[in-house]
């Protein structure tokens, strides 16, 4: 009897099983009845968050990019633990079969890249929490905190958030000499030039570092060299590690006459992953700016950019062709068609 | 309508007049704004390419509509587009992306698909519906194969995806030779083919007794259309509907089906359509959300028109 | 004049001989009728003379082998059959007529000559008012006249007409008959038809075919006096009838009872 009592007392001292509700990036309310022991992560940034919060050991399956992540040697450790690769990064290359075989209690997915898999996950009764395609740094912080909630590591999450925030602050100091510089971040060259526009976390990042995002469009958008000329950036940073020399040249960027800095794979990872790697982003950007705008000093504040020459073509140009066609057609009518007796 | 020498000369020159005038206008605006260097060049080439591509595709559409006596087709429906795309992916995977090689293989891919379509259609019955059905089948075949290949093609050459929708965003100087070749090919062939196509419109037999060789004419028309369409697809992607829409508007405006005037008029209209679609993207959508490919814009406006055509056809009681 | 020697036409895929060993001599500046039951080879004979199908044997026009004539053949003769056009392509009558001048017109543009030729023919056929109409909007009678006009616009010396009287109403057939007879004063007209009344009123020379074989070729008078040729061709009885000032051979409906039902 006393033994039972003792065991009961000991057992009750253990951390209580938490039932909690989490609102994910799709607005779904997900109920978790236990701390997850078997987790599948579908994005490298998510895996990096898990590692930073110290719950990496719960990962049983991850995408291919996670398994090659160099941050904190995550990739190596996951591989040596025998974590299963489930495909990735894009949803169409994820193997739902492999995920099912792993029998996970939780899947962490990215809203932008894995939305299409939701129906499949729900059909198989898999618990999935979506983390947001970050539109701002705060969104990234929210994601980190959500993960912290799920794993009862809110303390660690808050620490991580604070440390990222403080590197961003010191980054702003570091870039004081480049305040107001117009930066354009190019992320790919598919049938045009893909840039990070407004309402992306890159945009927010630049703003917090005291820089100006040259891109005027909203979201990730594709533009031609004409629009970029109009935006008149001071420096163009290419965050696309596999872009061929030819692709860069075809896009017309070298002819812009502005400094063009190409980041390597590591730097691109730092910049493009909305997770703990963001802490290193200010340094990456600083090095790029130094490389590109070599003759800047940290003390002289930047004078605001002069208004650029108007380079957008007037509307009249765009109606030129149909106008000419119309006029020719009318003349043609009088010349040719009226000849019919 | 009677096409006398003056009318013929005027209409034949129409597309050239339009292209020259619009490009000249672009140049004038550039100079007026003090724009120079690469930007002026980019604008000029982009204008030139949309105009030339629009013309060539419209002419190709006229050729195919006349030779196959089907007003509902253009190069896309006959599988040329997806065949070229498939060849493009294959080249990118097996070799690498080089403009000349890719343009050649895209042309061959498009022609191969066209040949398959024609062969299968003739096997069925050779009627216009047979051609559309055959074309849909061949297009699906190559689209499916392209989808399979796209994953691998993407890793070698990021441009490979999104080639599905035509865009003139990459208007570089090195493309000039090919675009001009496509335009000149269709435009020059028009002078040889138009009268023969007029005869062909009334039936193979009718044409034969006039002294026009129907099979040879069909072959020349198909090869010309197919080649130029394939080249343009390999350079800019798939641009549908211009080939269907422009010839129809031309016939409606001129109230005739005489190819001697319909073809150059369609070329002018096709050039305008494509130019305006591209301009719409550059002027309206870019400041807000980036470029929307011209091919998409043309499809948006072309699709309702196409449906209208089909409805009209149903109303007349024939399919 | 047109002559064929041992003409044979075989359709490739089915190996059927549409015409076997037909030798005829069609006189100049007359109207000639080719008659016979369905699949007798009437259309095939016309097409062969127009060099629209491959044949074995020889065909001569005015003493010259047509296989050596090349493009010149198209200036000499015109062949018509039925025309069907997709309505949405908007082909108009004047387009058809202008296109039909292809073998004899010079250059890409149309000349005054072309226009005059077209107006002349349209007037004589009474289709002037139809010139701007679309083919699809015409009645079958109007279409037949347009088809005939398309052959005439290039003033051929030889007209090969495949069933030119089909779709024509009772009043138009006599009109066409007279028209063709007048034409034959200047050109050689060869036509095929199913209508015996039309045939006997229009033509002076006859070719009777059956299953690709020649049963009779000769003048009107001889055929009229001997109904056996037609009876053998059609497998049905014929009788002499006088219609006005012309004698015709008409099929005997009652004779058929012998074959059907008993």
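The letters A, B and C name the chains in turn, as written, and every chain counts its residues from 1.
Note that a contact is a pair of C-beta atoms (placed from the backbone, for glycine too) under 8 Å apart; a residue touches a chain by one contact, two chains touch by 3 or more.
If you're wondering where the values come from, they're calculated on a predicted model, not measured in any experiment.
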More contacts between chains, B-C or A-B: A-B
Central chain (distance from its CA mean to the mean of all protein CA atoms): B
Chain whose average C-alpha position is farthest from subunit B's own: C
Subunit A and subunit C: spacing of chain centres that average the CA atoms, whole Å: 78
Inter-centroid spacing, subunit B versus subunit A (mean Cα positions, whole Å): 38
Intercentroid distance (Cα basis), subunit C paired with subunit B, Å: 42
Per-residue overlap in subunit C, given as positions that touch at least 2 other chains: 115
Where subunit B touches two or more other chains at once, by residue number: 1-4, 7-8, 255
Subunit A, residues touching no fewer than two other chains: 341
Complex contacts: residues of subunit B adjacent to subunit A: 1-4, 6-8, 10-11, 14, 17-18, 21-22, 25-26, 29, 33-35, 37-39, 42-43, 46, 51, 97, 151, 157-159, 161-163, 167, 169-170, 172, 237, 253-255, 261, 265, 268-269, 271-272, 275-276, 279-280, 282-283, 286-291, 293
Of subunit A, residues touching subunit B in the complex: 93, 188-193, 195, 197, 216-219, 221-227, 229, 240, 242-244, 246-247, 250-252, 255-256, 309-311, 313-322, 324-325, 328-329, 331-332, 335-337, 339-341
For the subunit C and subunit B complex, residues of the former touching the latter: 50, 52, 71, 73-74, 78-81, 83-92, 94-96, 98-100, 102-103, 108-111, 114-115, 132, 136
List of subunit B residues in touch with subunit C within their complex: 1-5, 7-9, 65-66, 69-72, 128, 191, 194-195, 198-199, 201-203, 205-206, 208-212, 248, 251-252, 255-258, 260, 309, 312-313, 316, 318
